[in-house]
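Labels for the chains are A, B, C and D, by order of writing; each one numbers its residues from 1.
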Amino acid sequence: MDMIVVMKAGAIDDDVNRVVDRVAELGLVPHPSRGEFRTIIGAIGERTPEAQQQLEQLPGVDEVMAISQPYKLASREFHEADTILDIAGIRVGGPHVNIIAGPCAIESREILFEVGRAVKDAGASILRGGAFKPRSSPYSFKGRGKEGLEILQEAGRELEMPTITEVVDPRDVGVVNEYADMFQIGARNMQNFNLLLEVGKTDKPVFIKRGLSATITELLMSAEYVLSQGNHRVILCERGIRTFGNETRFTLDVSAVPVLQERCHLPVFIDPSHAAGKRDLVPALALAGIAAGASGAIVEVHSCPERALCDGPQAVLPNNFAKLMEQIKQIAEIVGHRVTPWGREDTQPRRAAAGGWGG
Amino acid sequence: MDMIVVMKAGAIDDDVNRVVDRVAELGLVPHPSRGEFRTIIGAIGERTPEAQQQLEQLPGVDEVMAISQPYKLASREFHEADTILDIAGIRVGGPHVNIIAGPCAIESREILFEVGRAVKDAGASILRGGAFKPRSSPYSFKGRGKEGLEILQEAGRELEMPTITEVVDPRDVGVVNEYADMFQIGARNMQNFNLLLEVGKTDKPVFIKRGLSATITELLMSAEYVLSQGNHRVILCERGIRTFGNETRFTLDVSAVPVLQERCHLPVFIDPSHAAGKRDLVPALALAGIAAGASGAIVEVHSCPERALCDGPQAVLPNNFAKLMEQIKQIAEIVGHRVTPWGREDTQPRRAAAGGWGG
Amino acid sequence: MDMIVVMKAGAIDDDVNRVVDRVAELGLVPHPSRGEFRTIIGAIGERTPEAQQQLEQLPGVDEVMAISQPYKLASREFHEADTILDIAGIRVGGPHVNIIAGPCAIESREILFEVGRAVKDAGASILRGGAFKPRSSPYSFKGRGKEGLEILQEAGRELEMPTITEVVDPRDVGVVNEYADMFQIGARNMQNFNLLLEVGKTDKPVFIKRGLSATITELLMSAEYVLSQGNHRVILCERGIRTFGNETRFTLDVSAVPVLQERCHLPVFIDPSHAAGKRDLVPALALAGIAAGASGAIVEVHSCPERALCDGPQAVLPNNFAKLMEQIKQIAEIVGHRVTPWGREDTQPRRAAAGGWGG
Amino acid sequence: MDMIVVMKAGAIDDDVNRVVDRVAELGLVPHPSRGEFRTIIGAIGERTPEAQQQLEQLPGVDEVMAISQPYKLASREFHEADTILDIAGIRVGGPHVNIIAGPCAIESREILFEVGRAVKDAGASILRGGAFKPRSSPYSFKGRGKEGLEILQEAGRELEMPTITEVVDPRDVGVVNEYADMFQIGARNMQNFNLLLEVGKTDKPVFIKRGLSATITELLMSAEYVLSQGNHRVILCERGIRTFGNETRFTLDVSAVPVLQERCHLPVFIDPSHAAGKRDLVPALALAGIAAGASGAIVEVHSCPERALCDGPQAVLPNNFAKLMEQIKQIAEIVGHRVTPWGREDTQPRRAAAGGWGG
């Protein structure tokens, strides 16, 4: 049953009949149940958000309660097993823990290669680097665009790491698709619905960060946008929400990890870097996320953060990243997970083998 | 002075010299002042967000404090007087109070004309109606697109009201520019920076709604994006922020009105409809905003809200809107403002007369 | 009906029977309704919070929805008309708008008398002044205690104004009851339940400020604590909630005014001073609250705020307070209210005449 | 230096001199530094919150920045090493990880003993149980009071576990001190300052939970209240803050753990039970907190939670608690900590040996 319409104590027969008729008119099957004190009308079928809002306004209606979730394709009910993606031969999701690392922005070929090599050696499996940077100030560095994408592609090939980069404009989906292996949808674009529709038309994995004040349901609805276009390769990422707290840049909502996993089948990552905003706090948050059961983390690393053009204060130094990776590996095992050991036999590129959603 | 670098109590000369050199390297003029207990270094000039982040990370630095605001063109320091826009002959901003009203979405020609006529008769001066609706669910009604824009243009012409409609995609800026008189940037797109840049390249007024969890500074930085492109016709709108409160859809931050007015010269509006989420609460919030000094409000009105395809529960009925307008007019006068009396002599269309930013 | 237990789609008969039995065991009357797809069990009677939590955990239960509110005595359902209190002859509540004003803390006899006289002349009807100040720092001025109460009582008598002062400790209820006319329960003590029980045992009006992060329901439950002890003279006050916003000390939730008025019969005030934290913003917030329909405001006024021992930055100067009062009077009338004109015939002390709750 | 007063660009000499004089009058040493564009005045000495507020209001002042923290005794600067408490022979703080467990409320002797035995066997070192329950509803079960304390004491003795229980009223500090080994100050009483002062006068450890919307600084100021009375045995606990999130009862701010540890020397615990509100989420949050470096957790366990009189939905079953303890032990070791192995040689009760703050 999709909705339950609870009538007011004083609702009259006309009110009940009006609701029953309207439920039917909305394409749902009405199931009225006249109790001693209240009448309750179940409405079965494909509910739309409009239907709920419309029924709420009818005379005699006290409340309309949604019983089922508003997302379908993202739901565990629809797809019970964890979705395990195959990204250039790397398994992502479920017990496979992957660490995405690299600099915030692609500033230069040198830095990207230096940092990329370091994070790969430490055990990261996917390389990050921003070419299009959404910045709150129009006067800030906004990334190197296509030139950055070329550097990223080159680094990914040389280091044999799949690459991820942010896309902020539906007009750039084509070019990003050409150069990178995964799309990142940033927190500020989580509800840029046309952008979600565009990446949903590609076959590249889409890594969606939770908006600063997005509820869990809203994040899943954004995933639904991508899934509804036929692209089932979606990863969700908790990256800190905005609260009254001002000691960290954002507040990492670590409970989002188990909550998302209970409700949906997609891989769930965390972003300790943006949540913390300060490098000293990144390891504690990264470990917390892995201990809570995340399938991975995305970590910003820079070899010379005091000269970084973007978010230097939150970038971890390469040697500290290596120490962190060791702890991540150990904690992952305690919770029954395992860090993807890039290059080992069991995770050699084997796109062909991937089945189901991860294909 | 743009920034103050406060050194730690134990900072040594080398630390201080390193900061001084770096301030200079960043294109700013360093002004060190060695106090008895702490050394403080002023940094004068055009600060970038990067510069602050980079200085913070240098050894011996305790804190880097920004003295000036990160926005310029939006600032009262830059433009002391209230910006009064001229929109098709209507004065908007400062003491001129304008009410924008109409249905949430343009559902049909009939409804838009019916509602439009009603709100004009009641005293609204600008007609709203959505053709591109950002919806959290991919399964919701998303507006009638270009067809909707055509209806809106027709209604605006017939009713002699300027029109406003939301644009959600940089690719649609051209078509919206063709049909509507004002761009609305919705809360979820407040930091869709490429969209802001696109509307900044037009000469149509841009009505920017505050994001669900955007700070006042972030809202002003988004205005700065538009202003920086040469379009100085920007209006800001408080529309409710996301808090722990769950009795209303969002929490109207009425203090945003005086805070924005103190910091910036642009007209400030409020949106009681989205903040409330329930029509019964709309009048109280609308009056609160006008009493707090807002230059206007944007109110959703529908003649048959229980059949509305979008946000029916928050739409006010036409007759209640008329009553609300009466109270708005009276309250505006008490705070030294005046509701723009569309059609009266002193506000007859006179584009030519408009000067300054409002031109 | 108090609760609706919605069973899961797959719930079996045993699950349903177990719930039915448990509902009965909890002293409620079960009303099962076996629908085609789901079974729903109404539970009628005096619900306790425990009952809901316990039912939620039973096998086969999907959700337990509370239909009625958890408060009773505070509810509009229980007492439909606005409660109008009679406080030393002043009518408080409903359309009677009263302004409580005075310094934050009682610092000296001179300042309290000077400010008191000024606010009375301007039209305030109740005098405020803190003798016990809850301060976040143990090193801050904490008020003058009993000595302060004596000064307050003296000022109230000389100025012929009822007085209000904060009580922070159940052990002080006796002494405050002796000297002041109204108890103020501060935001930080809104859930100091033993303190609520103590003031509930007196017959003095209790002015309860909403906690920094208290929901509307929680505020009403705190009122219920006082009401449940037999003291029905309760006033509620919205004073700003804690959000991510950092431009004001707190965020005035002006929508709390109509929401509380819809749900409950008690007078609703606002506190623009603590919400704003800066005197320049106080008038806008005060007017917003009155325009939204509040039955009054509590405003901090100081004749020399730059030497105040507590919250000087938010204290309004006496002459600005007088200007604000003029606007408050006008706005109150527009929304059908009226500022209590202390000393006029129709509000002469007449305790005897007061009936009902306000007696 | 305690504060930096930044003068406005247009401040004149008189403004500067007035500030300098006032700084001296406030008992601080002024250090003016007239820069080319701005004058900055350092103010050295024991700052009070009042002093900062008063200086802010002087003419020509742009901003007053606090350089040092407002707490002293709680600060790392004051006491660099981790405080390790000795509680009945158990070491608490720093690398010693202790798990406090037991039912929410002491409902009966049977349940407390049953749960106590189970959690002790699983490795918990301290027994919890509430005798005075702060409840948002006056109609809820509020604990068994003194009778509950007697049962708790008996259980602690029989199980050889120190006990912790909440105190909510300054009048109850004496009786709680008599029966329990540790005071718990609940989130709703974090700023019940008189209660803090009372427990500060005892010599029992005080476990302070962070308020629902308390900042880190406010939590430390509440600790300062206890410390300032001479009781240095304070433990801090992050228990979830109130945010817009509604999937969990509160949002566990796991970053509070490293932030508090950086700023202060006191042991930091987490409360996964109240944060989650649902037992299924408790393990993930508990592990996250331990991975983030917490010195312990407080976990609610119940043998029959569907009949619990308080917070049953968040109580973990004994067998699941035992599994959780195994993971906690392993994760603690990975981050260099160690779960206190109650009963082992190196932690045998040895009150005499305790030195420093923990004495």
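Heads up, the rule we're going with is that a residue touches a chain if its C-beta (ideal position, glycine included) is under 8 Å from a C-beta of that chain, and two chains touch if they have at least 3 such contacts.
Keep in mind that what you see is a predicted model, and the values were worked out from it rather than measured.
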Quiz item: Between chain C and chain D, which partner chains are common?
Solution: A, B
Practice problem: Could you work out which chain's C-alpha centre is the most distant one from the centre of chain C? | Solution: A
Quiz item: Can you give the whole-Å distance between the Cα centres of chain A and chain C?
Solution: 41
Self-check item: Centre-of-Cα separation between chain D and chain A, whole angstrom
Solution: 33
Self-check item: Computed distance of Cα centres, chain B from chain A, in Å
Solution: 29
Quiz item: Which residues of chain C are in contact with two or more other chains?
Solution: 213, 242-244, 246
Exercise. Could you tell me which shape the graph of touching chains takes: line, ring, star, complete or other?
Key: complete
Quiz item: Inside the complex, what are the residues of chain B that reach chain D?
Solution: 1, 4, 6, 9, 31, 33, 35-38, 40, 42, 44, 62-63, 65, 67, 242-244, 246
Quiz item: Contact residues on chain D for chain A in the complex?
Solution: 213, 215-216, 241, 243-248, 251-259, 262, 275-276, 280-281, 284-285, 287-293, 327, 330-331, 334-335
Exercise. Give every residue of chain D touching chain C within the complex, in rising order.
Key: 48-50, 53-54, 56-58, 70-71, 134-142, 168-171, 188-189, 191-194, 197, 211-213, 218, 221-222, 224-225, 228, 242, 305-313
